[in-house]
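Encoded as C-alpha cells, the structure appears first; notes follow it.
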Amino acid sequence: MTRRLTAIFLALLLALGMMSIAAAEDGYPIEGDWEITIWCPLSALISPYVTNAAETPAIQELCRVTGVKLNFIHPTTGQEKENFNLLIAGGDIPDIMYTSQYAGGNTMGVDDGVYADLTDLVEQYMPHYYHYLSNDDEFRKLSTTEDGRVIAIYNYKDMVEPFWWRTQFRADLLEEFGMDEPCTIAEYEAFFDKVLETHPEITPFSLPNDGLNGAFMCAWDFGIIQQSRTADFYLEGDHAQSGYYAEGMYDYLKLMHDWYEKGYISKDFMSEDPTTLFQTGKVACVTGNGYEMYPTCNELGIPITCGPYARVNEGDKIHTLRHYWHNNAAETFVSGKVKGEKLEVILKFLDYGYTEEGILTYNFGTEGFTWDEVDENGYPIYNDFMLNNENYPIANAEAMLKVHAYAVPRWRYGDGICMATNQKNPDNWAYRARWGDDPDVDDSYGLPPFVLDADASERRAEIMNNVETHAKEMVLKYITGAADLANFDTEYTQVLKDFGVEEAIEITQAGYEAYLAK
Amino acid sequence: MVRRKTTGDRIFDAINYIFLGLFMFVCIYPLWHVLCGSISDPVLLNQHSGAILWPLGFSNGGYKNAFANPNIGLGFLNTLFYVGFGTVVRMVLTCIGAYVLSERNFMLRKPLTLMIVFTMYFTGGMIPDYLLVNALGLTNTRWALIVPLAITTWNMIILKTAFQSVPDALVESARLDGAGELTTLFHIILPVTKASLAVITMYYVVNEWNAWFKAAIYLPAKHDYFPLQLVLRELLINDAGSSGTSLGEATGVSVETLLLQKVTQYAVIVISTLPIIVVYPFAQKYFVKGVMMGSVKG
Amino acid sequence: MRRSSKRVNESVDIVRLTYFQRLWRNMRHYPSLYLLFIPVLLYFLIFKYGPMFGAVIAFEKYRPARGILHSQWVGLKNFREFLTGPYAKRTIINTLMLNFWQILIGFPAPILLAILLNEVQHTRYKKVVQTTSYLPYFISLVVVCGIIKDFTASDGLFSDILASFGFPRENLLTDPRYYRAIYVASSLWQACGWGSILYIATLTNTDPQLYEAATIDGAGRFRCIWHVTLPALLPVIIVQLIMRIGNIMSYGADRTLLLYSPAVYDKADIISSFVYRYGLQDLNFSFASAVDLFNSVINLILLYTANKVSGKLTGESLW
C-alpha cells in the first residue's frame, strides 16, 4: 500500500515538476545568484521619478522573470560619451554596454579588449538571436562588421510603419482659404501668398535651423526625409551620394532663396525651433514630428493638420523616405573582460529579448502586471494599471512599468502595436498614419547603415567635417541672400570638391559594395 | 570729506545717480523676467514672445514639476556640503599660500610663484585629471569635489597681491614685537585685508555653487552625490524632450512635459540662484563699510 | 700676513655662498614659512603637475583602453591637422578679434563702475546698486543666451526698438555684422557688476586720509579720482589685465557655443568652438588635447610678454 502511494506521489511530483518547467520559458529564470552591470543612459521618461533604472517596477519585474539581478550605471545626461570613455580609461568595464561609443571606433573597442567578440559564441549561447541572424539576410549584413564578425547585439524589427516626420499646417487657415493640404510647390506658394495677404501677423513658413528640409529636398530627388542629417549619404540608384553634393541642391536653394525674398520664410529660422514657432502660433507651416505635435497642439488650442511630402509636379515620385531597417540600432556590447560561466549567463540574459516570453515582456510588460488579456490577434490589451496609472502619465508609464526602448536590445513590435499610448489615445496613431499610404512615396534611396572599418571611417569623417562646415555655412548664406547663387559652382561645388567630397563618396560606395557582397 | 560741493560736483552726482539707476534696471530686469515667467501659466508662457513685465496668469506648475524630482532636496544638501566645507578648506589653503608667496623674506618667492602660475596654463586635460582622481580612489566619493579642487590659482594670485599691499610698516612693527609667521598672518594681514578676503571667499562660494562639470565627470555612478546644479541641469536637458531619439523612433515624451518645459526651466533658474542672492548682502557689508583699519599711526 | 689673508678669504667665502647655501640659511631663519607652505606645495605637485604628463595625449592617437602609455605615438600629426586645416586661419583670427573687442570694452567697464560707485555718498543707494549689479552674473549662461536669442529675433525687443527708429526688422544674432557686438554686450552685461567687486573691495581698503590730503591741496573731484582712486587700483588692474591677456586663446567657449550658428561662422567660429565640433564628433581626445596644448603655449607666451612689458612700464608684475 505504501509503496503504491509513494509511487503515485512521486509520479504526481514528477508531473508537477514537468508542468512548471513547461510553463516558464526554457531556462528562465536563470539559476544561481548572478549580478549583471548594465551601462546605459538614464531614460528621460523615468528620470523624473528615479535616479537609477533598477528602482523602476519595470526592471524589478524583469529581474524577477529572468532571475538575474541588474545593476545600472548611468552616465550624466549630456556627458554620455565622456563618461563612458573615462570609465574605460579608468579600467572598469561594465558587463553590458548599451549604445556606448568608444573613442577610436567600435571595432577598435574589440581590438583593445573593451568589447567581446561574440562571433563564435552567438550560435551556442544566444540561439534565439542567432535564429534571426541566420535567417534574415538584411539583419545579418547590418549586424556584423565588414569582415563578418558579430561584435554587438541589435534590436530586431521587421515591421514597417508610417513615418512621423511630416509637414504640418494650420488647419484653420486652410479651411479659411478653402484649400486642401498643399502637395506641389505651386500649391505651397498659393497657400503662403494667401497667408501673407490675409494674416500679416503670421509668417507662412519656417525651415529647420540649418536650412535643410528633407521634406522639400525630395522634390528634386535628393536628401533624406528625416528629422536631422537630411543631407547625409544616400543611395542614388546603385551608387552612393552625399546630399550636400547632389545636383538637386542648387534647385532647392534657389527655391528657398526665392521664398525668403518673398517673405514666406521666417527671418528667425536660423535660431528658432520650427516646432516652437508653430506651437506658439507664429508660423503657419513647418515640418515636424506629427506624433508629438498633434496632442500638444490640441492642448494649446492650435488646429493642426498634416500634408504629403512636397513635389514639383503632381504625380512625381519620391524615393527619399527614411527607410526602416531590420537592424534597429540599440547597439549593445558585452564586456571583453568577462569569461567563463558569467559570460554565458550574460549572453543568455541578452537572448531573453528574442524568446517568445521575452518579446512579450519587453514590448508589453509582464502578464498580470501591465496586461491581463489578449485581443483577437494575440496582442496584449493593456490594463487599467498601465493606462490610467495614478503616479505616471501614460508616456512615462511606458518606461516605468515596462522596459520600453532602453537598457536592453530585443525583438521589437511596431510602435502601433506595442505602445500603450496608442491604446489610450488612438487618435495620435491615426494622425501619424495619415498620408502614410501615398503610393508615390517610397524609400528606395535609403542607404543601409553599415559600419565602415576604422581607417575608412576616420578618413571619411575628416573630409566630411570640412565639407559639412562649409556646406552648412553656404546653404544659409544662399537662402538669406548673403551669397549669390550665380557663383554656386565656384563657391560651393568646387570648394566641396577640393575638400575631397568625391573621395568620401567613394569610401561610402566601397563600404556599400562590401555590404552587398556579404 | 570736507570738500564743498561745486556746481560741477552736483551735475556729476546727478548724472552718476541716473546712470547707475539705469544700470540697475538693466541688471534687475532679466531676473525679473525669469521670476515672472516661473510663476506664469505654462500655456500663456509658451505663446508669449518678447519682454515679460508681470506674470502671465498664475501657476505653480513649474515649481511643482521641479520639486517633484526627489533629488532636488538631496542635491541641495550636497551643495551645502561642497560649498560650506569646501570653502573652508579652500580659504585656509589659499590664505596660507598667498601669505607665504607675499612674504618678502621668502627666498623661493619668485620661482614658486612662477611655478604656480604656470599651472594655470598647462594642464593635463580631462583624462589625466580623471585617471589621477580615480587612482587615488576619490571617484564616486564626495571628496572628489573637495580635494582636487582645493586651490584656484587665480584667486591665490589676487590674494597674494592684496597681502603685498599691506603697508610694510605694519608688518615690521609686529615683527619687532616678536610676532611669528602665524601670528602675523592672523593678527595683522588678515584683519587688514578683510575686503579682499571677503571677495575671494565669495568667488569660491559662487563658483562652487554654480559648478556641475567636475561632478559630472567624477561622480558618474553616484547620482546621490550630485550637487544641485547638476541635478537641475539634468532636469533641463531631459525635459527638453527628444522627438526622435538616437533610435530614430518617436518615444513620445508626454504632452505635459513638453508644455511645462519652459516654465520649469524658469523655476529651476530661480531655485538655483535665489540662495546665493539671499546670502550675498551679508558678505557685502565688508565692501561698503568705510575704512577704519589700515591705520599706520603709532 | 696670514691673518689678513684669512680675513680676505672669509669675505670671499661670504660673497661666494651658493644658491643652495643661501636657501638653507633662509629656511633656517624662517622655518614656519616653509612648513606652512608644504600642504600648498603638495597640492600643486599632485593635482596640477601630476596630470600634466598626461598632456602627452596630444602626441598620440589616444584610445582609452590602451591607456596613455600604450596608445600609438603620432608626433606632431594632431598639431599639423589643426594648423594646416582650412579653417585654422579663420578661427585664430576670430579668437583674437573677439578677445580684442572684449578686452577693449569689457575690461575697463567694471573699473569704471567701481569708481562711479565709490563716488556715491548715499550709502543705501550705493548698496542697492551694488546688490543688483551682480545679479546678472548668477543667471546661468544658458538662460541668458536664451533671453538674448529671444530679444534679438526679428520680433524681439531689440528689433522693436530698432524698428521704431526706422530700421528694417531682421534677426540680429544671425547677422555677421552684429554678432560680435551682441556677444561683447552680453558678456559685459553679465560680468560688469561681478567684476567690479574686486575693485570696490580694493577701494574700500584705501586710506581716506589720502583723499583728505588731496582735497586740501585743492583737488576737485576728477583730480581726486586721477590722483588717489586710480593709483590705488593700479596694482589690481595690472594683475587682472595680465592674467586676462594670458587667457586669450581659451576664452569664450561656452558663450560662443550657445550664441553662434552656421550663418555667422565667418565671424563667430573661434578655436574652442571649432575644436568642440571637430573633436566631439569622433571623440578625438588627442586632437582636442593638441589644440589645448597649442593654446596653452600661446597663452603662456602672451602672459610672459604682458608681464615683462608691465614690469618695465609700471613696475607692477606678477612675478
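When the chains are written out, they are named A, B and C in that same order, and each has its own residue count from 1.
Everything that follows uses one rule, which is that a residue touches a chain if its C-beta (ideal position, glycine included) is under 8 Å from a C-beta of that chain, and two chains touch if they have at least 3 such contacts.
Computed from a prediction, not measured in an experiment: that's the story for all the values here.
Taken as a graph of touching chains, this assembly is complete, with every chain in contact with every other. For the pairs A-B and B-C, the larger set of C-beta contacts lies at B-C.
Put simply, the C-alpha centre of subunit A and that of subunit C have 43 angstrom between them. Mean C-alpha position of subunit A lies 40 Å from that of subunit B. If you average the Cα atoms of subunit B and of subunit C, the two centres end up 17 Å apart. For subunit A, residues that reach two or more other chains under the stated contact definition are 86, 89, 282.
Residues of subunit C found to touch two or more other chains are 62, 64, 153, 155, 285.
Among all residues of subunit B, those that touch two or more other chains are 49, 127, 131. The touching residues of subunit A, counted against subunit B in their complex, run 44-45, 47-49, 51-52, 73-79, 82-83, 86-87, 89-90, 99, 155, 164-165, 226-228, 275-276, 279-282, 288-289, 291-292, 295-296, 299-300, 322, 328-330, 393-396, 398, 404-405, 415, 419, 421, 428, 432. Subunit C makes touch with subunit A in their complex at residues 61-67, 85-87, 149, 153-155, 169-171, 173-174, 176, 261-263, 265-266, 277-278, 280-285. Subunit B meets subunit C in the complex at residues 1-3, 6, 8-9, 12-13, 16-17, 19-21, 23-24, 26-28, 30-31, 33-34, 49-51, 93, 96-97, 99-100, 103, 105-108, 110, 112-125, 127-129, 131-132, 147-148, 150-151, 154, 157-158, 161-162, 164-165, 180-182, 192-193, 195-196, 198-199, 202, 206, 210, 236, 265-266, 269, 272-273, 276-277, 280-281, 284, 286-291, 294.
Subunit B makes touch with subunit A in their complex at residues 43, 46-49, 65, 68-71, 126-127, 130-131, 134, 139, 215-217, 219-221, 223-224, 230, 233-235, 237-239, 241-259. Those residues of subunit A that touch subunit C in the shared complex are 81, 85-86, 88-89, 101-104, 108-109, 112-114, 209-210, 266-268, 270-272, 282, 458, 461, 465-466, 469-470, 472-473, 475-477, 480, 482, 499.
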